[in-house]
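Each structure below is given as C-alpha cells.
In what follows, chain A forms one complex with chain B and a second complex with chain C.
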Partner chain A sequence: MATRKMRKPKAKAVTSEKTTTKEIASRIKKSAERMVKEIKAHKDPSFTTMQRGKSNVVWDEKKGYLSLGDKTVTRNFLNVAHARKFMQTSLIMSKTNEYLLHNKTASIREIYYELKHTIEGTKENTFEGQDESDPTIVDLEHSVNTIREKLNLHANPKGTLYGNITLKDKMHHNDKFNASKLGRGGWSIMSRMEPEEIEIIETDADYLLVVETEAMFERLIEEGFPKDNHCLLIGVGGQAARGARRLIHRVHKELDLPTYVFTDGDPYGWYIYSVIKQGSMALAAHSEFMSVPKSKFVGMTLDDIKEYKLENVTENMKDGDIKRAKEMMAYPWFQNKDWQALLKKALVDKKRIEQQALANRRLDFVATHYLPEKIRNKEFLP
Partner chain B sequence: MATRKMRKPKAKAVTSEKTTTKEIASRIKKSAERMVKEIKAHKDPSFTTMQRGKSNVVWDEKKGYLSLGDKTVTRNFLNVAHARKFMQTSLIMSKTNEYLLHNKTASIREIYYELKHTIEGTKENTFEGQDESDPTIVDLEHSVNTIREKLNLHANPKGTLYGNITLKDKMHHNDKFNASKLGRGGWSIMSRMEPEEIEIIETDADYLLVVETEAMFERLIEEGFPKDNHCLLIGVGGQAARGARRLIHRVHKELDLPTYVFTDGDPYGWYIYSVIKQGSMALAAHSEFMSVPKSKFVGMTLDDIKEYKLENVTENMKDGDIKRAKEMMAYPWFQNKDWQALLKKALVDKKRIEQQALANRRLDFVATHYLPEKIRNKEFLP
Partner chain C sequence: MTKKEVKKANTAEESYDEGTKKLDAEFKEHSVAEFFKKNKQMLGFYGKVRTLTMITHEYVTNSLDACEEAGILPNIDVKIDELGKEYYEVTVTDNGPGISNTNIGKAFGKLLAGTKFHRLIQSRGQQGIGCSGCTMLSQMTTGKASKIITGRKGQKAISLEITIDPKHNEPKITNEKEIAKAFQGTAVQAKFKDVLYRDSEQGPLEYLRRTAISNPHAQISFRDPMGQKITFKRTHNKIPQLPKEVKPHPKGVTVDEIITLVKVTKARTVASFISNDFDRTGAKSIQEVKNRVSFDLNKDPKKINWSESEEIVKAFKEINFIAPSTDALRPIGEDQIKKSLDSIVKPEFLTVLTRKPTVYAGGFPFQVEIAIAYGGDAGRSNAEGRKMEIMRFANRVPLPFDAGNCALTHAVQSIDWKRYNIKDVEHSPVTVFINFISVHIPYTGAGKQSVADEEEVLAEIRFALMNTGRRAGIYISHKRREAENQLKRKMFYKYIPEIAKALKEITKANEEDIKKRMEKLVLEKLKLDEAKDAEEMAKMQDKMDKDSKSSISKKNGKDKSKEKVKK
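Let's turn to the complex of A and B:
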C-alpha cells in the first residue's frame, strides 16, 4: 500500500479569535470601570452592546456568511424597563471575569445556576430561568467583541468524529489520539474545541463528510466508507452544536479540506447545512469562526426520490416543514437557482425523504452507490 | 506512584445471550416452516409470542429486576384483526434471517425503511411508520427468545465513556484503546456493545459512576474527578440507550465493579436510575442482560436541597413530574422506605433540583465535596 500524503495545519489559517484572555478581561474591566465612574459622578450608568435579531443581521455575499450589522443598543440602569437586564449583565460580567482570572470554564447552564439567587432584602431573583441568562451572555460577547469560548463559557457537547485524523488535547496530559483507532465508536466531540486546547496534528483524508444523524454515521463506519474513500466523518446528531461547528470550521480551514454535508431531504436538514455553511442568525456575529462558506451539499434532495427509486419511502411534510421552506426561500443566502428550485419542489410535492430511507434499496447502497457517485460526479448543491 | 491493581473480566460472568446466531436463525426458520406447513395443509397459519404490557410484567424481587410473565398471544392470518400484523411479522422474520445469514446489522429505523413498500397490485403499504415495525421486532425477540442484538438489530447510539479502561473492537482491526487517553472528550458508545464485538480488557477503577447529563460528565472530567477518585464515567445523556445500558451492565458484571448512578433530583432522573437498576417495563424480557440490580443511587435527592444549601436554585415540578412520581410510588420495585419517603416529599414540596444546580455553591463543589462525601459515607439510596 502506497503511503498517503499527510495534510498538516497551514500555519496561516486563522480559525481562532486571537485576542488574548488578558485583553478580553481588560475589556470587561474597562466597561465595569466606566459604570463605576458614572455612578460616582451621580450619572446614570449604561451598558452598550450590538442590536440583535433579524433587523441587524447582514448577509455578506462576498465573505459568504451572515454577519452582524452596526446597530447598537444602550441600556440604562435608571430606566425601569432596563434595570433588571442591567443588573443581570453586571452579574455575568463579574462572573466571567472571575472565570478568566482563575482559568475556569463553565457551561451556560452552570453560570446561570452559579449566579441565581434571591437578592438580599428583596423577593427578587437574579434570574428566573436560563432564558434570561443566555441572551445576557450574547450581549456581553457582542459588547466586548469576542466569542463566548473566550469568556470561558460553552454550550453542551454533542457530535462524534471518526477517521484518520490525529488530535492533541493540550489540557489533558497532551494526549494524542487518532480517531480511526477507537473501534467503530469514534471520538466524542467536546463542547470547547478551541486551538488553545485541542490541536489538530494531521490527516491523510481527501475530504470531510458531515452527517446529520448518528445512525447514518454508524452505518457508514460499518460499511468501511471512510477507510475506502479516505474521508473523515463528523456526526452532528441534528443541528450542530458549537463544539462540532468549531471542529468542522477548523478542519476545513487549517487542513484545507473539502467539506461536504449530508442531511435528510427536508427543510430542517437543509437548514442544518446552511448553518454549517453560512452561519445562523442568532450567532451572526461569530460566523467568521464558525462557518464554512465553501462547503457543499451532497444530499439528500427531492430529485433523489426519482433518481434512486425511493418513491416508496417518502414521508409527508408537516406544517412546520412547509413554514420553514417558505422562510428559507426568502433568505438572501438561499437566492440561487438550485436551492430555489429545490424549495419550490418541496412546497409543491410536500414530500420529504430521510437519509436512512436509502436502506430501502439495500443497507450498503448509501456507501457503495449514493455517496460515491454523487461525490465522484460532483453532484453538489452550492 | 504505586502501581494500581488491574481488574480483568471474570471468566464466568454471564453478560451475554449465549445462544449462537446459527441457533437463532434456526428458530426463525422453524417458526416459518411451521407456517408453511399450516398453509399447505389448508390450515390457518399462526404466530405465537409473549404478551406484553403491564399485565404481563413481573417484578422479580429475588433477582432484583423486572421480567416478563408467561402469558402468550397467538395471531392468526385468517383473522381480519390479525392479518396485517401477521404479514408484518413475516417480513421482519425474513429480513432478520437474511441479516443473520449475511452477517449484516441494521438499526431499527433501517429495517423499517428496507421493508417499507406498497404491496404489488394493492394500495396497501407494508408499514405506515416505524411505530408499526418496532413492536413487531419485539414480538420476534420474544417469540424466538432472544435480545434484538442477536437478531443483528440495534437502536441509535448515545452516551460517552471516560476513564482508565481498555476496550478492544474485534470487528475493527482489533483496535485497543484506553478511554482515559482520548483527551477530555471520551469514547462515543456504540449502539451495539455485545461481547462478540467489543471486548473489555481491563481497568484499575474502584467504581463506575453513571451520570445523567453530558454537561455534568464534562464538568467532572474538567475537575479531574475520575483520575483523583479512580473511577470510570459513563454519560448517558438522559434515558440510557441500549448500547450504554449493555456497557454499564457488562462493566459491572464482568469487572465486578460497584456502580453508582447520579441524576437530576426529579422523577425523570430517578426513573433513569430505576431503568438502569431494575430494567424497564417495555424491555422486561431482557433485564437479565441489561439491568444492574446492585447499583446504588448517589443523588440527587430532595434532602440535598437543605443539606447543601441549594434553596435558591430549585425549580417547580411540572404536572408531568407529579404524575410520574405518583406512578412510581405504586411500582413494586419502589416499595422501600427511602424511595417512598423521597417520592412523598416530591409530591408535598413539588420542587426539583438539577445536577448542574450544584454550581450554585461553586463550579467544583460537585467534584470536591458533593460526590466524594456521599461516596465516602455511603450515603446511597437503594
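Let's turn to the complex of A and C:
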C-alpha cells in the first residue's frame, strides 16, 4: 500500500480569543470597579451585557453564519426583578477573577458548587441550581466579550474524534497522539479546544464526517469506514458541544478538509447540522470561531426513505418535531429551496427516519453503500 | 319517652280535658300569658343557644332602660351558671333605680305590661314581652320561681320570688322579705332548662360584647359557666339623651293603626284627631283629607269604622306632607362608637360615620351609623384565621340572628370590597358595625332579628359603607404598600453583604463602606417610592372627597323634593 500524502495545517491556527488571561481579568476588574464607582457616586450599580436570543441574532448571509446584534441589557441592583441576578453576577465575577489570578480552571458545575451557600439570615441559597449559574456565566462571557474557556471555565466535555489525525496536547507533556490508534473509542474531545492547548499536526484524511449519534459513530468504526474511506470521524452525541464545534471548525479550516454532516432524518437532526454549519442563537457571538459555513449535509433526508427502501422503518413525527420544523422554515438561514422542500415534506408526511434504521437493510449497509454512494455522487443538501 | 316529655303530654291532655268541659269560659280566659306559653317561638325563644342569648338580652335591656331613664350610668353584671345538662341559671344585677313594690309584678310577672307598646319612640323594646317572658319561660321549663332583689334609694331592699299565673296573666309574689344589706338596683336570678351556653357569634358573650360596643356609657361584666370573667369598660361618661316620643307621620300609618289610635285619642272630631295625633298635619292637610273622604270630618273619631279608616289612609297616601321630623332619633355618635370599638375591638384602623337622618317609605325617620374596623381583634377568629364580621344593631340592640334575611347584611354583601382594597373580604380581619336607628324598625319577622329591604334603607347603608369603605381602603392600601416596602427592603438588604464581599475581592474596595452605601441607596429608593405613593394617595383622597360631596348634595336634593308641600 502506497503511503498516502499527509496533509499539514494550511491555515494558521487562530485562537478564537486572542486576549490574554490578564486582559480578561482586567476587564472583570474594570466592570467591578465601575459598580463600586456607581455606589460611591450614590448611583444604582449596574451590569451590562449583550442581549441574547432570537431578537438579537443577525443572519450574516455573506459570511454564512449567525452573529450577535448590538443590543445590550443592563441590570440594576435596585430593581426588584434584578437584585438577585445582580448578586449572582457579582459572585461569578469574583470567582472567575480568582480562577484567572490563580491559574485554576473549573467546570461550570464546580463553580456552581463553589459559590452555592445559604445567604446569611435567610433560607435562600445564592444559587438554587446550576440552571441559575449557567446563564450568569454566559452573561459574564458576553459582558467582558470573551468565551467561557477564557474565564477558565469549561462545560462537561462531549463528543469523540476518530481517524488518522495527529494532535499534540500542549498542556500535557506535549503528548502527540494519533486518533486512530487510541482503540475503538477514539479520543474524547475536551471542552477547551484552543490551539494553545491542542495543536493539529497532520492527517491523511480526505474529508471529515460528523455523525449525530455515538451508536452510528461506533458502527462506522466497527465497519472500518474511516480507514477504507480515508476520513476523520467526529461523533457529537446529539447537539454538538462547544469543544466539538470548535474542533470541527479548526479541522475544517486549518486542514482545509471538506466537512459532511450525517444526522437522523428529523427536524432535530437537521438543526444539529445547522448549528455546526451556521452557529447557534445562544452562542451567536462566537460563530466566527465555531461555524463551518461550507459544510454539507449528507443525510438522512426524507427522500432516502424511498431511495433506500426504508418505508417500513419510519417513525411518526412528534408534536415537538412539527413545531421545530415550522420554526426552522421561518429562519432566514433555512431559506433555500432544498431545505424548504425537505421541511415542507416533513410537515406533510409527518414521518422521520433514524440513522440506525439503515440497519434494516443490513448492518454494514450504511458503511458499504449509503455513505460511500452519497459522498461519491455528491448527493448533498447545502 | 323521657319523663319530661310524658309530663308535657299530660299537661296538654289535661288542658284539653278542661277545654272540653268549659269551652266558652276557657276561651275567654285565654290570656296573653297562655298564648305565650304556646307560642314562645314566635317571640324569639327558640333554639337552645338562641334562647339563652335572648334571656340575657331581655334582662340586660331592661337594666339599661331603667338606668337611663333614672339618669344613672349603667353597671350591669351578668352571670351564667351551668346547673346540669342544658340547665342554667342566669343572674343579672344592675345599679339602676330599683323597682317599686307595685311595679315589680308588672315588670317581671305580667306579659305585655310595658308602656311602649303603642308609642312611636326609638326604643330597645321588644314589645314588653321581655323580663316577664323570661319569668314565664323559667317556670315553664323548671317549675321554679324567679328570684328578684331590688333596692331603691333611701329604702330597704327587698327580696322576693315571682311566677306568673298563666290563665290570668297576673304575677304571683312569694317569700317577700326585707333584707338588711344596703343595695340599690335590681338583681334577677332565674333558672332555665333546654337551653345551651355556647361561645359563638350567637352566644351570650358575643351579645354582651356587642351591647357594650353600642352602649359606650354602660359597663358590662360577665362571668361565663366556666368561671371566666370579662369586663367591658365604660368609655363614655354621659347618659344618652332619652328618646322622644313622636306622633305617627301620616305617610307611615296603616288602617289598623288608625283603629288602634282612635281608641285612645282625646280628640272629639276626626279633623282634630288628624291634626293633633299626627306629625306634620295642619289645616291644609285636613282640607285635603276632607276633599277625599266620603264622611264628615266632624265625626267622633271613636266611631270610625274600618272602611272609613281605609279612606283616611288612602287620602294620606295621595297628599304630600312635610317629611317627618327626625329630631327624635338618638344616634350613638361617631366619637362614642370610635371609643368603644377602640377599647373592645382594638383595631389597627377604624373609621366611623354617623349619617344625617333621613326617611324611608315616606313616613319613617331613620338614621344609620357605620364603622369599619380593620386589623387588631377585628373580624371573628376561627381555626382558619380571621374572617369578616358584621355587627348589626337596631336602636343599639345587637341582632345576632337571621343575618341572611337582613337588609343590613344585604347592603354589606352588595358592596364590591375589592374596590376598597379588601381583596378577600370574607377572610379579612374586618368588623363592620351598623347601627340602624328608627322609631319604627321595619323588622321582617316576629323574632325581630332582621331589617326588611326597604329601598331607602339599603341605599343609605350602602352609601355609608362606600364612604367608610373608601377610608378603610386608603389605609389598607397604604399599609399594604408599607408591608411591601418592608419586604423590598429586606430583599435588597440580604444581597448586600454578598455583593459587597464579591466587589471587595475584585477591587479591594472597603467592604463595610460599600455595604453602608448600598443600604443607604436602598433606603433612599424606598423613600422615593413611598413619596410617590403618598402623592398618589393624596390624589385619590382628593378625588374621593369630591365624589362623596357630590353624592351627598344629590342626596340632599332628593330630600328637599320630598319636603315639598302640595298646594
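We take it that the second predicted complex is superposed on the first by the 374 of 382 C-alpha atoms of A that agree within 3 Å, B and C clash if a C-alpha of one lies under 4 Å from a C-alpha of the other, contacts with A are read in each partner's own complex, and residues count from 1 in each chain.
Operating definition for what follows: a contact is a pair of C-beta atoms (placed from the backbone, for glycine too) under 8 Å apart; a residue touches a chain by one contact, two chains touch by 3 or more.
Note that the structure is a prediction, hence the values are computed from the model and not measured.
By the touch criterion defined above, A:Met6 lies against neither chain B nor chain C after alignment on the C-alpha atoms of chain A.
Look at A:Val73: by the touch rule set out above, it reaches neither chain B nor chain C. By the touch criterion stated above, A:Lys29 is placed in contact with chain C alone, chain B being left untouched. When both complexes are overlaid on chain A, the residue A:Thr105 reaches chain B alone and has no touch with chain C.
When the two structures are aligned on the shared chain, A:Asn312 is found in touch with chain B, with no touch to chain C. When the two complexes are overlaid on their common chain A, residue A:Thr118 makes contact with chain B while staying clear of chain C. By the touch criterion defined above, A:Ile322 reaches neither chain B nor chain C. Once chain A of one complex is fitted onto chain A of the other, the partner contacts of A:Ala282 are absent, as it touches neither chain B nor chain C. More residues of chain A lie in contact with B than with the other chain of the pair chain B and chain C. No residue of chain A lies in contact with both chain B in one complex and chain C in the other. Residues of chain A touching chain C in their complex: 28-29, 32-33, 35-36, 39-40, 42, 44-45, 77-78, 80, 83-84, 86-87, 90-91, 93-94, 97-98, 119-122, 124, 126. Here chain C touches chain A in the complex through residues 488, 491-492, 494-495, 497-499, 501-503, 505-507, 509, 514, 517-518, 520-522, 525, going by the rule given at the top. Every residue of chain B that touches chain A in the complex is listed here, in rising order: 104-107, 109-111, 113-114, 116-118, 125, 156-158, 160, 167-169, 171-173, 175, 177, 181-191, 198, 213-215, 218-219, 222, 312-313, 354, 356-360, 362-364.
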